[in-house]
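Next up: some structures, all given as structure tokens.
Shared between the two complexes below is subunit A, which has subunit B as its partner in the first and subunit C in the second.
This part shows the complex of A and B:
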């Protein structure tokens, strides 16, 4: 009898919280796990750049321009004689910082606006959503170019770019969160929460947000990828991160010269590949999260 | 009516006043209907129209009617989950019709609700323990440890295990989930529980268990129930008194026996004739109602039931019948009984 009981009890009860289940599903998704490892490596390498290479990124060396990859310069040097590998690491730092910061700001702000509009509805909803429409209607590229040329010289740097991009991008998240909350709040458990005297703020944070969080998380990963591309695109056009700061987009700028594009592929291929693989891995992670957070999928 | 019986009734009435828990007077809930770009108001859906009822302490008042007749809206309006268009809700001597904000939130510990759908009424992302202790966290500042033992006791009381505290809603069956919902409603020790079709989403085999649990809890915690259902046998099993609703109107109120043995309103008669008879040798005459429930946005004039009433008279189109006490403790809103 005792042994029987023991054998029944033996497998430790797995944590059955919906989040724990999603976590287990995610860990079983190979592609998502490989992507996570890759992305973590990129992040760690980028942010530990000062400890990995001791080369000064801003030092221009006339004697060593456009060297092919060698044991001294793993990925060669660019036309100004700067080490490509070092710039790649530091560039990742900037690109990822822009991507993560914009994503964080956009998600927090969009969720705030979207959940308030969705939960309270009516007049509040109208005001907030018309404001959102207003922001969404700005032509993104034109506005960023105008803003960064206006601000150029006064305040410049990565943070201006982050502020500008996030200020223009939160509208999409706000709309998605609002529509999700609109659907979710019709459930009886929200009425139940109201009937047990839970305050509106608590209903939003304790009941509604956890139930729309899966959408927000997936949205955030996709946004992260988009924002890295946006930074690269803007920098490539010369309206993003200031030229002297290395970023993957800025490094690609040199490929605008036909000579570099044709004859010196080591200068532009590494940042190009870095962007492609980072975006790819982020998208795989997003896909994996989507499957893991969907209680109906068994993948 | 003899003088003595009038006196008796008056006496009963004054005595009844002291143990009245809930009094609803002329409750109205209209939902505006809007049309066009400017959201112009074009009419009202009269979900609840002039409903008055009284609940005595410790009794179970059953509210029956077909779907869409305003039973649930009545319940929700009484609990102030939607605002009444007009009328008064007096709970334990206090008018709560216009209570707002934090005072209303505080007041909510007096009345609670058990919901219809045990799948939709529990937040799937929350641990059962936290679902049940949420009302207590809102109203008291007990320590987490005290709360935990109290909640575990409560879970055992409603027929779950104390280890279920750590589980999540998806690990339970419909009946068990409804028990969680009942535990949540009980947590703050309310005086009134409005049960909005608490068993209609459950298997028949589970229904009786949950109903009997509700009955046991009523005795133990001295609860008053407003029991909303469309299943007549369930209401018969549960209720002391019954109110019958049709298209937002309360058409008949009486004791359980009176309603089932001696229904007065033609609508109630049609309803009770539809209850399946377990004895096959008994022949029962079924009254089949013609047509559909009219659109509540544009209800019929006079008595709202006259379009389907088998015994309608010409005056039914014009005069709105009022709820009147036709027999002792048996009220009906029908012109048939208006002669005297």
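This part shows the complex of A and C:
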């Protein structure tokens, strides 16, 4: 009886785990919450695109080229008579897929390299970090363009782009994870784990990584935004996703024709705004996560 | 310091060597002869082609070909452009001044805007003006430069007619006259602003935070106690301390201008190195692509080097070893 009362009386906050505290902080951050809702909406709409619209995206409709927005075509049609709204949804699917896949690959690979280099140190660290420096010293955009123009035609489209972008951008994550692990492994609990003979793999996965996870999460969020921009930028220049696949970057490409840019803004403004708002919302979520996961901040 | 710089410069050599191998391998993997600008494409006689291939060294072992290429490269011989039928070095020299002009203007705009905004926000933190500047910065950091460029062209070139939307100079004006330079300036402003938006935002943010930090330091309290006027404290005592760390950003600016130039120049059809690069990749003009890739890689290396060295000079507490 007594113990029950005591547990009711005790303020809930004291018992919360760090993750619960972080979650509460995040939920109280209005900007981050609005952004999360917006991003979820964009993701759901994009991935459900085939169920939302029934218009065939690849069909060219000569009779309906460059129509202004109307009730039939909410955002008008492009120069080939394709519905802009439909393409926007399908384009979001491609852009978000590229962003997510690259982020996942980069985070996994970068964490792997970074944690091995940081934990083992010495010779292994030296080799892995020289390799990382080497990758980081490439001018990113230039090499992605060269590589994707080289691979184009040999292997099919979107996955080439994902592989090329990932291959050139894991360096940053590896460096950050390494420096965090370097600091973390000096703690006594790691010494204790080593002294009772815990295997290196287990120390890294069970003891070290959970403690640097917050950094990785924040980093992954910001990477997601960067990668969406990278995809869009490359596709805009014509070196990204193949032209026939709609993506936000590919849709923006039409603005390279002065006539479209000047007189048909409904074709390029929607993908432009979609990119801007998605990036902004991801950045706000990233900032929110950073605040929420930082035990020193008391917002 | 000198020892460290020398060691860093020596450390760049293996990196350059590795990058050159990568660039060479990429060029070799590309369809067609990457270095074949010199063979006359109209002459399809197999004997002629074989003879030319022999003469140009395509039948040599790959290692020999690599060393020939590197030797030529170090001596400034980048080969022939297939598309423009001229030496790649001449082609690059023709476009380079435009890119340098764009880069300089973008840095200048960055410095001026960032100083004005950063100093204002730093002096009056948490006011409406500060929040407004903060919001603008956030947009500058978040909006991708090519989207910003498209919107800028639409509003400022087409709707308002303030700036030209393409090229680097009017065709009508005489080279060397005042009009010529004004026209160039007119053409470069919009791309320079777009190119500099990202660094402007990070400069402003840094300057603002640093000024706020410094204004709580002991030397400011001392100055205030001695009766120094508020504006003198901010403009002399604090600013001098806050501006110095900004110098270290210069190295990163070089790196970001390189990446930005490729996209910005293409959108504004500004005839610089970035646009030349994109066009050359599209038209498979490999000798140009290789030369520019190597050039950009070197610049990135130099940019990172400058950043590291400046760090050491500006903040002696950073141990360089």
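Just so we're on the same page, the second predicted complex is superposed on the first by the 284 of 299 C-alpha atoms of A that agree within 3 Å, B and C clash if a C-alpha of one lies under 4 Å from a C-alpha of the other, contacts with A are read in each partner's own complex, and residues count from 1 in each chain.
Definition applied: contacts are C-beta pairs under 8 Å (C-beta built on N, C-alpha and C of every residue); 3 or more make two chains touch, one makes a residue touch a chain.
Predicted, not measured: the structure shown is a model, and the values here were computed from it.
After superposition on subunit A, the partners subunit B and subunit C are accommodated together without colliding. In the superposition on chain A, A:232 makes contact with subunit C only, not with subunit B.
By the touch criterion defined above, A:167 reaches neither subunit B nor subunit C. Using the contact criterion defined above for the overlaid structures, shared-chain residue A:265 touches subunit C, although it does not reach subunit B. Using the contact criterion defined above for the overlaid structures, shared-chain residue A:197 touches subunit B, although it does not reach subunit C.
When the two structures are aligned on the shared chain, A:134 is found in touch with subunit C, with no touch to subunit B.
Set against each other, subunit B and subunit C differ in how many residues of subunit A they touch, and the higher count belongs to C.
In the superposition on chain A, contact is made by A:188 with subunit B only, not with subunit C. Applying the stated contact rule after C-alpha superposition, one finds that A:121 touches neither subunit B nor subunit C.
Between subunit B and subunit C in the chain A overlay, the least Cα distance found is 8 Å.
Remark: subunit C residues 15, 18-19, 26, 29-30, 138-139, 141-144, 146-147, 150-151, 153-154, 158, 165, 255, 258-259, 262-263, 266-267, 277-278, 281-282, 289, 292-293, 296-297, 299-301, 304 touch subunit A in the complex.
Listing the residues of subunit A that touch subunit B in their complex gives 16-19, 187-189, 191-199, 206-207, 210-211, 295. Listing the residues of subunit B that touch subunit A in their complex gives 76, 79, 81, 105-106, 108-109, 112-113, 115-117, 120-127, 134-135, 138-139, 167-168, 170-171, 181, 184, 187-188. Of all residues in subunit A, only 133-134, 137-143, 145-147, 149-150, 225, 229, 232-233, 236-239, 252, 255-256, 258, 261-262, 265, 268, 272, 275-276, 279-280, 283 touch subunit C in the complex they form.
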